[in-house]
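This report concerns only the one structure given below.
Letters are used for the chains, namely A, B and C, taken in the order the chains are written, and counting of residues starts over at 1 for each.
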Amino acid sequence: MLRMTLAVIRKDMTLTLLRGNGLVQALLLGLLLIFVFSLSQGVGESLSARSAAAVFWLSSAFCQILMFNQLYALEEVNNSRLGLLLSPAPIQAIWLGKAIAGFVLLLSAQCIFLPATVIFLGKSLSGPPGPSLVILLLTDTGMCALGSLLGALAQGQTAREALLGIVFFPLLTPLLLAGTGIGAQAFDGIDPDGSSAWLGLASAFDAIFLAAGLLLFAFLYAGDE
Amino acid sequence: MLELDRVARFYGHNLVFKDVSCTFAGGSMSLLLGNNGAGKSSLLRIMAGLARPSLGTARFTADSPKIGYLAHATFVYPALTALENLAFWRDVHGLDNTETDLLNVLARADIAGRAHDRAGTFSRGMAQRLNLARILLLAPDILLLDEPGAGLDAKSQALLRKEVLHARGRGACVVLVSHDLARDATLADRILLLEEGRLAYDGLPALFPPLADVEQACYA
Amino acid sequence: MPKSSPPPLILLLLGSVSLACCQWLIYFYAPTEAAMGLIHKIFYIHLPLAWGALFSFFLVFLGSVAYLFKRDSGLDRLCVAAAETGLLLSGLALFTGMLWARKSWGVWWTWDPRLTTTFIMWFVYAGYLVLRSLNLSMRRKSLVCAVVGVIAFLDVPLVFISARIWRSIHPAVFGTEGGELEPKMKLTVAVCVISFGFLWAGLVRLRERQLDLRARMDTIACDIP
């Protein structure tokens, strides 16, 4: 299983970063969102730390949808999905591989979103870095576990992005709230005394959707019905 | 090696076929015939485990056999080179071939010269040969072919035939879906005909009575 | 198959009659709440609606799990019926909740955890029903929806907890709706919930029956050459 997962990760990374248009589309959309939100600030004003964190996570979520869409579209070109399904390794290896590839891509996208948020929305990273980093990783994990599961949902469907967004966003709400809650703390340095609760929630979300991904992916990712 | 027990397939409420029961042994080559829409491809996918039968069961009698499936779709990633494509499938199937092995396989499939070119620049015939290389690398116990020769030139077709016969020779169970009865019936040692939603004929090619009629029906 | 089957009809009749009787309990038996006045009576409708919605979503979950294992299209239709009923009831629950909030706290909307959860679940199941309208093969659609039906319900507790943590950070208006009720009020609410349960079951059964009949008509139409 591990070998297939690694093969999928390597192939997806090669195809997206080295041979494809990579993250360009997803990055542009995310940056555009941050920029558009920066327009809501009047002269001399700046968005509250909470709003800035929300914008950051919104950009990440949109970027995520495009990315998983792209990752699963790779198999649709010449129907290689069927080839993957014939592998002796469990099908979940594909889910895991795509989730990890998505995780790495999302983290790299966030390396750009974060400075963009700081610059355009006039924030500084003054909060304690520990919890912020932990929540960043936890939230990304949950987003990728769910994203990798839902990415398989639209297999063989043309209007994938819109479809994914409709289902993805509401399901993601708890995680986005957690990310926003702690993100606000990272931006203004005020501890809202809820951080341990948010960390717990994000961990619970990750656990539930990692398990759901493992259990349900095999149903979704199948030959033609 | 492969056993079908009263397999049926519906699309929505439409019956495609039902009550298909047969077993396939190693070292045999079966030719699966039928009109368009008779469900040949569906049956082949059920055999490969890529689709669930609506009723009945399909199971392998051997322990976790390697399954090769070669159809019209080439399974090729256009942005990867031929060698990278092959290396990916090697990892997916958990094989341990070295790069030299991969190059040898590409040579057998007659595309060694383009090993480091991106598959996106290949013609359909070459992409299909790369797909064949994937099968050669896997050396499957069960080889399922769904009109793999469609759109290939004579040379590629000959290569394909040679390798299919070679696979049977080393004991693989081969099932071939084809339209070219006149040519492929000579290769096969068994003919299966899907007609009117059931298995209408299952036996030796020599005893297959309406050879000419069926051929006509195939092209109708 | 009979043209109109008795169970949904009986359930609907039972529900309607008993709900009508409940009106007497609500307006004459239960005492009027001191602070809220007459508007407090909304509570007797609001609570059954919310419970009905939650039951519907739970039914979608059960039906989806069963579908994944049995692949019976009847279970799929049960899920549709339950999801549609749930969407309707949660919509009504939101509406009555807003009326309540307006009178009780002077605003149309508060981010009370229960209301927030209902709101987000409304979105999730609206997305679920949008999936239904997609141009996918019947089997694929049922499969995709079953998977979404499962993960949507897994999300309910997470959404609820997150809404709770989110609000507790701010000075929250915590509506303790079911907190300290008088015995007479309690009895009335219980009777309302039970009566509404009949109506709910009737609605789901009725809708399921409609879908069954439509599927059957499609079958018959296919058989005509």
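The definition used in the following text is that contacts are C-beta pairs under 8 Å (C-beta built on N, C-alpha and C of every residue); 3 or more make two chains touch, one makes a residue touch a chain.
Everything quoted here is computed from the prediction, not taken from an experiment.
Among the chains present, the centre nearest to the common Cα mean is that of A.
Taking the mean Cα position of each chain as its centre, C sits at the greatest distance from subunit B.
Between subunit A and subunit B, the centres computed from C-alpha atoms are 39 Å apart. Averaging Cα coordinates per chain places subunit A and subunit C 31 Å apart. One simple way to say how far apart two chains are is to compare their mean CA positions; for subunit B and subunit C this gives 50 Å.
Each of residues 52 in subunit B touches at least two other chains. Residue positions of subunit C touching 2 or more other chains, listed in rising order: 137. Shared interface positions of subunit A, defined as residues touching 2 or more other chains, are 222, 224-225.
Contact residues of subunit C toward subunit A in the complex are 68, 120-121, 123-124, 127-128, 130-131, 134, 136-137, 139-140, 143-144, 146-148, 150-152, 154-155, 158-159, 161-163, 165-166, 168-169. Residue ranges of subunit A in contact with subunit B, taken from their complex: 3-4, 6-8, 10-11, 14-15, 19-20, 74, 77-80, 82-89, 222-225. Looking at the complex, you find that subunit B touches subunit A at residues 45, 48-52, 64, 66-69, 71, 73-80, 84, 88-89, 91-94, 118, 127, 134. Per the touch definition, subunit A reaches subunit C in the complex via residues 146, 149, 153, 156-157, 163, 166-167, 169-171, 173-174, 177-178, 181, 192-194, 197-198, 201, 204-205, 208-209, 212, 216, 219-220, 222, 224-225.
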